[in-house]
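Letters A, B, C and D name the chains as they come in the text, with residue numbers starting at 1 for each one.
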Amino acid sequence: MIPIPLLALVAPALCLKAFDNGVGHTPQMGWNSWNKYGCNINESVIISAAETMNQLGLLQYGYEYIVMDDCYQLKERDSETGKIVVDPQRFPNGIKYLSDRVHQLGFKFGMYSSAGKFTCGRYPGSLGYEELDAQTFADWGVDYLKYDNCFNEGMSGNEKISSDRYLKMSQALNATGRTIFYSLCQWGEDNVWNWGTTLSNSWRVTGDIYDSFNRYDDRCPCESFDCAGIQGNSCSMVNIFEKAIPLAQKSGPFEGWNDLDSLEVGNGGMTTNEYKAHFTLWAILKSPLVLGNDLPRMSQTDFAIITNKDIIAINQDFSSPAVRVWKRAVKGGHLSLLVNKLADPYVFTVTLFNSGDRKERLEVKFSDIFFDHPGFQESSFTARDLWTNETMDVKQRFFTAVNKHSVKVWNFVL
Amino acid sequence: MIPIPLLALVAPALCLKAFDNGVGHTPQMGWNSWNKYGCNINESVIISAAETMNQLGLLQYGYEYIVMDDCYQLKERDSETGKIVVDPQRFPNGIKYLSDRVHQLGFKFGMYSSAGKFTCGRYPGSLGYEELDAQTFADWGVDYLKYDNCFNEGMSGNEKISSDRYLKMSQALNATGRTIFYSLCQWGEDNVWNWGTTLSNSWRVTGDIYDSFNRYDDRCPCESFDCAGIQGNSCSMVNIFEKAIPLAQKSGPFEGWNDLDSLEVGNGGMTTNEYKAHFTLWAILKSPLVLGNDLPRMSQTDFAIITNKDIIAINQDFSSPAVRVWKRAVKGGHLSLLVNKLADPYVFTVTLFNSGDRKERLEVKFSDIFFDHPGFQESSFTARDLWTNETMDVKQRFFTAVNKHSVKVWNFVL
Amino acid sequence: MIPIPLLALVAPALCLKAFDNGVGHTPQMGWNSWNKYGCNINESVIISAAETMNQLGLLQYGYEYIVMDDCYQLKERDSETGKIVVDPQRFPNGIKYLSDRVHQLGFKFGMYSSAGKFTCGRYPGSLGYEELDAQTFADWGVDYLKYDNCFNEGMSGNEKISSDRYLKMSQALNATGRTIFYSLCQWGEDNVWNWGTTLSNSWRVTGDIYDSFNRYDDRCPCESFDCAGIQGNSCSMVNIFEKAIPLAQKSGPFEGWNDLDSLEVGNGGMTTNEYKAHFTLWAILKSPLVLGNDLPRMSQTDFAIITNKDIIAINQDFSSPAVRVWKRAVKGGHLSLLVNKLADPYVFTVTLFNSGDRKERLEVKFSDIFFDHPGFQESSFTARDLWTNETMDVKQRFFTAVNKHSVKVWNFVL
Amino acid sequence: MIPIPLLALVAPALCLKAFDNGVGHTPQMGWNSWNKYGCNINESVIISAAETMNQLGLLQYGYEYIVMDDCYQLKERDSETGKIVVDPQRFPNGIKYLSDRVHQLGFKFGMYSSAGKFTCGRYPGSLGYEELDAQTFADWGVDYLKYDNCFNEGMSGNEKISSDRYLKMSQALNATGRTIFYSLCQWGEDNVWNWGTTLSNSWRVTGDIYDSFNRYDDRCPCESFDCAGIQGNSCSMVNIFEKAIPLAQKSGPFEGWNDLDSLEVGNGGMTTNEYKAHFTLWAILKSPLVLGNDLPRMSQTDFAIITNKDIIAINQDFSSPAVRVWKRAVKGGHLSLLVNKLADPYVFTVTLFNSGDRKERLEVKFSDIFFDHPGFQESSFTARDLWTNETMDVKQRFFTAVNKHSVKVWNFVL
C-alpha cells in the first residue's frame, strides 16, 4: 500500500492559483468560537480554547486556525481614529496579546468581520472601512479573516456588485503585507463560486448549517444550489451536501475552496454514523474542516471521528473534490457513489453514502468507480475501509452494504 | 403563571437595531384609511376615525398610528415651491391642523407617498423629491410614512437599485430631525428583507392581501416568497402566511419587521375562526397590526378578536417571530406547529394552525415544541389557551384537535 | 338594455394617466403590414391597404392606425445627416407623401423602428439615434411608432437598463411636439409591465404570436409570464392568453395597455370558433386590436368576427381588463370564467372560455361572477350573448354549455 | 434530384449580418487541440495536426480552422511590453512561424484566450489587455479567436455586464484590420444568444460537452437553457441538444451561430449510431463542426461520419437551423421530428431523432413536416436517406422506424 502523507503535501513550485496570498493550498482546518460561545467570548475563552486544542494535540492533525468570531468589539468605532475598538472589559490586554498567546501555543489566529454596515451581531462592520480594518487586523497579528454578509445595505443582486464589495477587503488585506487567509462567509449568493476564486481562499456556498442530519426547516427553504432571495439558516447536513455537489467543479487546489460551513460533529444532534458521514463528506468535498463543538467535553467517539487521519488526508491531499458518479433514490433518501482521484496517481478514494432510512445492499462496479478514469477499470486494487481499517482485494466489481444514514469509504490503492 | 406585560416592554438601554430612528422596537399598530375609504378621504374622515379609535379605547390596546393613505393631494406640485399641495377642498384647514387634532386625541399621525413618479393613485410621487417631501411631512407633524412602489420608472431589478431608491427617503426623513416611522410598501421585490433592515422600520414582503382565507386568484400568481415579475394583489391570507414563514428569520426587535399587509378582520370575507387564525398568525409572525376595517360598524365578535390582549402581547413582546417546527399535509391544506420564544425566558407561545378542510386531531410532542430549546423538553408547563382562556398542565406530550381553518394558541408558562 | 356607445368614450376631463401624450386612453386599433407583406412593402402596398381599409369601412369600427412595419429603409443611414434613408425605388415619393395619403383616407399613419443597432430586418436601428429618428418620424407626419427590441447589444438584464433604453425614445418623441402613439415591442422582458406605464402607451408582454390555437412550439419555450432568457416566437393564442392573465392588473385606462400581439383572425390557422375566442379574449383583456390578415381576401365570416361592435365596445370601454374568477381543468385544457366591470356601473361582461377538447356543461353562479362586486350577487340581469344576440334573464345562477375551443360572452345589464 | 453544392455557397452580395467581419456566413468547421492534447501542446503537435488534416483531405470537406487552445503561454506577461509571452521551449520558433506553416498547409490558424484575469489553464487572460492581445494575435497571423469565460472576476450577472466585457475584444480584433473569426466560449450565461449576434461570429450556449449520449452528471446540473448559476461540464449530447432547440431561432446566416461545443465523434464514448445522431444533430442545428478527436487514430467508421458530405452540406447551407416540429415521449427518451428549410427553395431536410431505448415505428405526416411551409403539404418528394443513400418517393405520409439512440435523416427534393 502506498502511504498517504499527512500534512506533508505542498503546492507545486510554480503556483498556478487563481488567488494566491501564500495560504489555502488545501482547505483550512481549525476551530471557531461561535457555535459554542456565541457572543460570550473574552480573553480567557480564546486562550483556553487554544490551550485545549494544544493539549488535545489537534494541531498535529492539521487543525491550525483558532478563529475568534463576532462580539469582541465595542458598539462604536473610535471617534478619532475610526478604528474598531476592542471591548476593554473582555479583552483587558488587547488583541495583540491574545494573538501572541495563540501563536505561542503553535496556532494561527483568526478574526471576524462583515462586509456590511454592521457585523451579524450588530457591531461595526467593515464596509467602507476595508483598508483601516485590514491594517488593524494585521497590526494585531491576525492570520485569518472570516468575512460575513450581514447588513450589506443592498450591495448585492448580481456578481459584479457582490464581487466588488468583497474585492475591496481582499485588496486591503494584501496591501497590509501580512499573510491573512481570506474566508468569505457570503452564503453562496450571486454565484460566489464564479468569482470567489480570484479574490479569496474559500467561500461559503449555502446558508448556515445546523446540527441535523436531514430534517427540513423552513428557515432554509431552498433545496438546490440555485437559490434566490434567502439562503437562510438551519440547513441540514444532507441539504448542504446536495447543494454543494454541482459546485464541486469550482473548487480545487488551484481554485480555492467551497466552504460547506463548520462541522457539527460533537454537538449531539446526530448519531455516530451520521457524524461519520458528515465528517467524511465534508472531507472528500474539500470543505474547510472547522470545528465548532465544545472541545473539552468531546466524547472519545467524537474525538476519534475528527482525528481520523485517513479522512483528513483526503481533505488535505493536493487534489480536487470528490465527483459523484451516480445517485439512486432509496427509501427515505438517496444512495450515492463518490470518487476522489488523489494526487498520488495510483490512489483513489471511494465513498458510498446512504442518506436513506434503511440499510442498502448493492453491487459496485469498477466501470462506475473509474468512469472518469477508464484506464483503471480492469485493474486490481487493495481497498482499505477508512473507518474500520479492514482491507479487501477487489477487481471489476464488489458487493457491499451501507447502513442507513451512513457512509462507507475506502482508499483504493493499485 | 407569569404575567405578560402589555405595552410595557421597552428596548434595552443599549440599542442594537440595524436601523434606529427611535421607533419600531416592536411592530407598529394602528389604522389605515385605504381599505375603508380609498380615495374618498377628507379632514372629517380622518378626524372621525381618530375619534372613533379614541372612543373604542383602541389606543390602550396598542393601536397608536392613524395613517392617512393616498389621495390627499392635488394632481400637481406647487409650481413655485415644488411642494406637494394638499387638496384645499377636502382639507380646508390643512394637514397641520389635522395632525394636531390626531395628536390631541392621543394618536400618532401617519401619511403616505410612493418612491415613484406618481403615487399609486397617480398623484405626485416622491421620487426625486425626497428631501423636500420629507421636510413637508415633518413640518406637518407627521409621525409615520408609508412609502409605496408604484410608477418607479424601472428603478428596480436588483437589491442595489431598489435599496438606493428607498435609502434616499430614509436619509431625508432622518435629516428632518423629526421621529418618523418609516414603513416600506415595496411588495417584497428585490429581496427587501435583506436591505430593508438598515434603512427602515418595516417592509412589506408580498403583494396586497385581500379578504379571503385561501382562495387562489390569478392576480397573485406566486405561491412562494421567491416571486419574480409580479407580486400582484388579491393574495389570500394563507398565501401570504406561507410566503412569510421562510422570511421570519429576517425580522425581529433588532432587525425591523416583515409587514404581511394590513388586517382584514372585520371586512366580512372570512369566518370568525378564520379571522382568529389571521389575527393570531399575523401577531405571532410579528407583522405590523394595522386595522383596515370599518371601525364604527365593527361587530362585537370582531372587536373581541382585534383586542385580544394576550395575542397582542405576543406581537409586542420584545422577541423574534414564531418559528414553524413542522408542516403536515392534511385534507385541503396543511397543519402547522409554530412556536414563539418570548422575552420572558420561561414563556413560550405554541400555535397550531389547520388550513385544511376538516378538523384534525393530533398528538403534540414537547420534543417538537422545544426543538430549538431542548432544555425544556422534560419540563412541565401550564398552558393557557389564548382564545378560550382554559388552562391545562402539560408535560412531554398532549392530545388536541384543531377545527378546520382555525388556530389553537397557548402560552406555555414554566 | 343600456346601450354601449361605440367609440364615443372619452377620457375624464382630468386625465390621470401615468404617461399621457394625448392618445392611448383605450387600446389602439388598426392594421400592420408585417404579417401579410413582411419586407415586401412599397408605396402602393401601403396606400392600397389604406384604401381597402377605407372601402371596408373599418375606420367606423375603430381601426384607425395603418402601421407600416420594417424594411422601408436603405441599409445605411445618410452619411452626412445621419438620418434614416427611405428606399427611393419602393417609395419614389417619399414617406411624407405616403403619410399624407393615409391621412386623406381618414387614417392615422404608423411606422416602425427598433431600440437596437439594427431593426429586426437588419436595417439601421434607432439606438443612439433616438432624437434624430423621432424628429424624422415627426417630420414625415407619423402618428404611431412600433418600437422593437432586436439587436439591443446587451442593453437589457434588469428593469433599469431596459427602461432607460426605451425612455430615450419616449422623451425624443415627446420633444418633437407631435402626438405619436408609442407602442413598445419589447416582448415582455425585464418586467416591462412595471415600467412601460410611465413611458409608453402600450407594451408587448410575450414573444410573437402565431396562427395556432394551442399547439406547443419549441420556439416559444415558456408557459408562464415569468420567462427568462428567450421569449421567442410561435406562441399559440392560448399560451399568450395564459401568460397575460396575471398581468392584466397592470393594464387599464390610466396605465396603458398590455399588448398580446396582433390578431391572427383571417389567417387560416384556426377554426371560426377559435377565432371568435381569440378576438373575444384579446378584446376583454384590453389588448390592442391590430389586424394582420389579408384584408381584401377576408371571408365574410372573418369580417363578421373583427367587426363585432359589441366585442369591440368592451375593448374600447373606459375600463380595466377582464378578471379571471376561476380556472378549471377539463379534458385537453381549461375552462375559465372572466368578468369585465364596464365603465357603465350597471353593465358587466361575462366570458366563459373552454380551451379543452370537448363541450363542457356547467352551472355559473352569481357568487362567482360578482366575486369582486358582491353587491350585485342578488340582482337580476338581462344577459345578451354577444355572438348570437340572444338574451336571457338571469338571477343567482344559470346553466350553459361551451363548445370545445370556444367562448361564450354576454353583456349583463342590470 | 437537385444537387446541393458543397462549400460553394456564398453570402448574398448585400450582406445583412448583425456582425460582419467578413467570415462566419456559415458555421465554422475545423479542429481544436484541447480534447486530445489539453495543455500538452507544442510546435510539432500543432504542425503535425495540420499535416494530418491535410493528408486526410479534411479541408475539402470544409474543416478549415486549426485552433490551438490554451497553454501556449508563459505564466507572466512580458514585464516591459505587457504582451503575452509564448513558451520558448515549446514554441522555439514562435507563433508566427507556426501560423505560417499552418497557412502553407492550406488551413487557417486559430488561437485562444479568456475574457478574464486568467485563461482556464491559469495563464494570463485578456481582460484589461484586449487591444494589446488582439494586436499580438493579428501580428502572429491568427485567423480565429476562441474566447473563454474563466476567472472573469464577477464581470457577469446581466446582459449588459457580460456583453460589455466581450464587446471590448470584438472591437479590439476589428481594430487590428485583420480578419479574425470571433468565437465566444461564454457557456450561455446572461442570455448570450441575445447579444452575441452584434459582436461575434458564434457563441457557446451551454456548459462543456462530454463523450456521453445521455448520461446525467452532477457537474452539469441544468436540463433547460434557462440555467442560472453554473453551466458546468460533463453535459451529455442529448442534454445539450435539448437546451439548444429553443435557442435555434437566434441563430442563422444573418445572426451568427449557436455553438453546441466541439464534436465527440471518434472519442469512443458513444456507439456508431449515437455518433451519427450527434453529428447529424449538430449539423442540422447549425452548430460549428469542430473536431476534437485523435485524428491519426480515427477509425474508418468515424471518418465516414465526419466526412458525410450530405450532412455537412446541410450545416453549410446558407439557411437557418432546423425547427423541431414535435417531440414525443417514448420509452427512455423522446422521439423528435426536425425539419430544415434549405436555401434551395425546393429542398428540405427531414430528421427523426430517437433518444429512447428501443426502436420506434411511426407514421410521418407531411402536415407535420411542412407545418411551417403548408404550400408543400400536397407535393410529392423524392426522399434520400443521407446515411444509407437509399431513396423513396413520398407523398402525404410515410411509415418508418428509427433505432434506439439513432437518427434518420433525408433530403426531400421536390
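Remarks
Assume contacts are C-beta pairs under 8 Å (C-beta built on N, C-alpha and C of every residue); 3 or more make two chains touch, one makes a residue touch a chain.
Note that the coordinates shown come from a computational prediction; the quantities given were computed from them, not determined experimentally.
Counted as hops between touching chains, the shortest connection from chain A to chain D is 1.
Overlaying the C-alpha trace of chain C on that of chain D calls for a turn of 90°, given as a multiple of 5. Under half of the residue numbers found at the chain B and chain C interface occur in both copies, marking it as a different-residue contact.
Chain centres here are Cα means. That of chain A falls 39 Å from that of chain B.
If each chain is reduced to the centroid of its CA atoms, chain B and chain D end up 56 Å from each other. Multi-chain contact residues, meaning those touching two or more other chains, occur in chain B at positions 157-158, 161, 228. Every residue of chain D that touches chain C in the complex is listed here, in rising order: 14, 16-18, 157-164, 167, 190-191, 193-195, 197-199, 224-226, 228, 245-250, 254, 323-324, 327. Listed in rising order, the residues of chain C touching chain D in the complex are 75, 116-118, 122, 151-158, 161, 218-219, 221, 228-230, 232-233.
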